[in-house]
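Shared between the two complexes below is subunit A, which pairs with subunit B and subunit C, respectively.
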Partner chain A sequence: MIGRLVVASLAGHRARTLLAVAGVAVSAALLLDMVMLSSGMRESFRSLLTSRGFDLRVAPKGTLPFDTEATIADATATIAALRESPDVVAVAPVLGGTIHLPQRGGAAISSVALGVDPATQGDYVLLTGHEPADGEIVANDALLAASRHHVGDTLTIAGGYDPQLRRFDSSRRVRISGRVRFVYLARDQRAAAMPLAAMQALGGPARRDRVSLMMIRARAGADAEGVRQWIARRLPKVTAISTATAIAQVEERLSYFRQLAFILGSVSLVVGVLLVGTLVTVSVNERIGEFAVLRAIGIARRTITAQIMIEGAVLMLAGALLGLALGLVTARYLNAILASFPGLPQSIDFFLFQPRAAWTALGLLAIAGITAGAWPAWRGASLPIARVLREEAA
Partner chain B sequence: MPGVRRELRTIAIDARLAADARLTLGDRLVLSAQPGDAGDTVRVAAITKPSADPSEVSRQEYRVRLHLDQLQSLTSYGDRVHRFAVQSRGGASQDRAVAAIDAAAFGFVAHRSKDVAVETSATFAVVSRFHRAIGVITIVASAIFLLCILLLKVDERRRDVAALRLSGISRATIVKSIVIEASVITLLGTLFGIALGWVATVIVNSHYQGVYRTPLRFALVTPQTIVFALVLSIVLGIVAGALAALRLARAHPLALLGRR
Partner chain C sequence: MSEPVLRLENVERSYHMGSEEVRAVRGVSLTIDAGDYVAIVGPSGCGKSTLLNLLGAIDRPDRGHVYLDGRDVGALGDGEATALRLRRIGFVFQRFHLLAALSARENIELPLSEAGVGRAERAARARELLAYVGLAARERHRPPQLSGGEQQRVAIARALANRPALILADEPTGELDARTGAEIAALFKRLNDDGATLVVVTHDEDLATAARRTIHMRDGLVVADERRAPIGVVAEQAIPTGGR
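Entry: the complex of A and B
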């Protein structure tokens, strides 16, 4: 019987029911988006950092990886020192810089270039071809498209370019051995990689035996924090950063989005609850005569309370389900906007759907909305029958 | 030379570095291009205030200003600079200056400040687009909420409307009175919302200026924002009120009283 009464009541006020469901759906969509935003960046960044299996990054003292132009001196000795630790399985040195591809008329195409150890590198994924040997480079699609070269082509690269004299320094001929996707670079960023020694040679004496960064893979089961502390004691001229620290630092820089997500998520939760609370209150006020009649013919107070609360629950659940679909669509749109941040790695997502967090948020909204209707429902079912019937008849 | 005391070169540091490293005017520091290098000893001659530059907000790095020749020497950069800032008389002379530099100085490219600003503010353009999208979603949610509340509010008045209709008051008068009532409620709500928004901007600015240690204002209530909020809310209020009122006015008075 309750079910029929609920359906009759909701169908009897179609416009109101539809608007309420739409209101809850928009609130639920915004809440879902904000939950996705609050955890998306962290999880996405964690996944990016751990995707290549490295647990620690070693940068020049007091700097973050590639945050400054500072480099680590005596790279060979530093790598040897790092390998002394029984917990260090692999060390992947990286030297960052810029290379120039001379074009006709004295112009040049500039590109990010990384010097790596092809055997241990974690900066790119090889798509076609093979790892670069001496005299070879690998390039990403953006660079290949800009320079109109293909895998197997030979081209000239230069370590320096003087735009005033249009003169290139440290030029050499190299062959493109493979096409790659760089994990930490933006999609449209032109980039190439080559063996570390070649990159150091391109930079001249200033870059001899220097690296920008070393990525460290720890032994399975080893405590990354313990390794970090060991490095801090053993090598005072470098800073070792664990994945957890890197995530914390990125979170600090992007704390604005997390706080925005918290504020807007809270507002949408309050709006959803207010909407259903108001609807149930007004609905109860309108129908006190109906409830008095039901009570007079012997319907229990708890049955009437349950009917009113089920009405609120139906509105909340229908709105939440519609909001789930709407939220996923808007999250995709908002993610596409934020993905156009200059220099953002292409694998970073600001909005990440995590089923557990999403269902928790929508469940919280539904429970809060249903609870908001509990008091007016109980009040409606508890009014004095005789007085209400007399007033309604008047 | 023995007996001759060499005057130390001076630098300016930003207030964040001064606070974090507990540095004061006159302190001596050693600056080096790489950690562990010998470097130069310098004296802190000035502490600079952070500028209200959006591009510096998320960057936690410190700023140290040196004399050009000292930085060139310290970094072994030679007689080189990254850029020159050129002041023109403005207007057409700016275009002439850009054309003259591009034509005369081989290897140089002159950029207008406004073009550089557009290029460097790409991040903020993205944030701005994101805010606009969030704003649209919020406006849709508010519109539905407002429509819902007004529909309920007007529905509550069905007995009053029935009594008015039965006593000869025309439908048009009833609709007008409900629309006026809805507009007044919306106006009061908007004014309250603007006050709430202003308080929120004070809290937001105070919080983020502390977090990022910048004088930049993160949220602003401008006259344009107020006008936009007022116009949008009142239009929404009138439309929602009119829809709800028409729905009620079309019904038979006895039906409104539940007698049909």
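Entry: the complex of A and C
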């Protein structure tokens, strides 16, 4: 019967109920978006860093991977030394740089280029074609589109370009062996990859036997921190950072987002509580006489309390369910805007939907709804029956 | 002699209206036996409704005692008083006070549901009571779809739902025209003839004269207690009991 009373009460004030649900839905959508934002980037980075199965990254001493243009010298010896560790399964060296594709009239298209070991690389996913052999490169869609080339085409690339003299250095002819998607680069960033030796050769003597970083895959069950310490002892000229540490550093850098999300999420929750609390209070005030009559005919306080609190919870939950849908739509839209910021890896999401986030938002809203109805419920159930009836009759 | 349904001993009750203290009931003592039909009459503000609230355990005396079925109502906790009102007292209000969003049958089912009666049983009992008050065809109608007299009949059926020992009515014809008021008065008479114990606060002379006993109040005091007819003997309970 309580359910019938709740439905009757809410349906009896249809416009108010719909406005309340709409208001809560907006609040819930914002809350969900903030919960998604607070965990989205962190989870997205975690997923990005762990997706290729590497446990450590080795960079020049005192730097973070690709934070500077510094490189590691004696790469061959360093790789060999790393492979001596019984816990190291694979080493994927990477040399970053820029290549130029000469165009008609002396102009050039510039592109990020990575020198990799195609057998162990973790920087790209091959979409079509095959891994690059000597004299071959793989390219992403942005570069293929800009240069109007296709897989199988042969083209000229240069390691250096003087725009004033329009002169290219270290030119060579290469064939495009495959189309790839780079994991850590932005979608619209032109990029290519080739065997490490070819990239080193393009860079001239300054890049001979050098790499920008090395990604290390540890043996299953090995302690990444133990491997890191081993590298620190064995190779003092490099800095090793575990993926877990990298994730922690990313999280630290993203604390601003989390704080922002926390504050906005809290505000939306408070707005939801105030909205439902106000509406339930108004509803109780309008029905003081009705509650007095119910109490007079023997309806228990707990029944009336339950009815009012359920009304608040129903408003909140209906709004929350609508808000979840609204939140997902707005998150998708906002994500598309934020993801278009230049330089962000294409697989990074600002708003990541996780069932846990939805449950968290729903749980918070349910608690908020019950809390919002608590005071009006107590008030409605505790009124002085005789006095209210006397005033109603007056 | 058996215990009366109601017994009041020197009951007093005051309340504040603004800064003014109103001594609504001043030392009232009376007893009401099972099967009686009592009308409480008097001018407005003489304490009739306050007395009715005290009889119905929705208010507590400042001094004195109200005994219902031998239990001191003033000594009951809120939960006990609520349970007492639910199971032993039926209320009929001047303005009917039905829930507008519920149908006639659902309004009657409300106290049955609160008393823990199962869905099928309470529906059956509500239908029986609607038939008893002459509204069998109106069970799905909501209060706004019913006339004032019909609403009051539903309210009376709701008051009978849990087979109370006592029915209290506060100006039950106050919102009705003369003809409809007479119909309600006739229904009360039938209820009493069928065994219900009634206490009715009223200004309606027809309703008052239908009662077996009339208590006159003035300034919070009982100034006259007039019995016109003895309490009848009910050969057979005619008010629907729902098989209980």
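The rule is short, and it goes like this: the second predicted complex is superposed on the first by the 394 of 394 C-alpha atoms of A that agree within 3 Å, B and C clash if a C-alpha of one lies under 4 Å from a C-alpha of the other, contacts with A are read in each partner's own complex, and residues count from 1 in each chain.
Rule of thumb we're sticking to: a residue touches a chain if its C-beta (ideal position, glycine included) is under 8 Å from a C-beta of that chain, and two chains touch if they have at least 3 such contacts.
Fair warning: this is a prediction, and the values are worked out from it, not measured in the lab.
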After the match on subunit A, would you call subunit B and subunit C a fit or a clash?
fit
Which partner does A:360 contact after superposing on A: first (subunit B), second (subunit C), both, neither?
neither
Give me the angle at the C-alpha centre of subunit A between the C-alpha centres of subunit B and subunit C, rounded to the nearest 10 degrees.
90
Which of the two partners, first being subunit B and second being subunit C, lies in contact with A:206: first, second, both, or neither?
first
In the superposed arrangement, does A:390 touch subunit B (first), subunit C (second), both or neither?
second
Give one of first, second, both or neither to describe whether A:298 is in contact with subunit B, with subunit C, with both, or with none.
second
Which partner does A:5 contact after superposing on A: first (subunit B), second (subunit C), both, neither?
second
Subunit B or subunit C, by number of subunit A residues touched
B
Between subunit B and subunit C, what is the shortest CA distance in the superposition, whole Å?
9
Over in the complex, which subunit B residues touch subunit A? Could you list them?
33-36, 58, 60-61, 76, 105-109, 122-123, 126, 129-130, 133-134, 137-138, 140-141, 144-145, 147-149, 151-152, 155-156, 208, 211, 247
Considering the complex alone, what residue numbers of subunit A touch subunit B?
15-16, 19-20, 22-23, 26-27, 29-30, 33, 60-62, 67-68, 70-71, 73, 162-166, 206, 237, 252-256, 264, 268, 271, 274-275, 278-279, 282, 285-286, 330, 333-334, 337-338, 340-342
Sites on subunit C touched by subunit A in the complex
15, 49-50, 53, 56, 58-59, 78-79, 82-87, 89-91, 93-95, 97, 99-102, 106, 109-111, 113-115, 158-159, 162, 170
Of all residues in subunit A, which touch subunit C in the complex?
1, 4-5, 8-9, 11-12, 289-290, 293-301, 303, 385-387, 389-390, 392-393
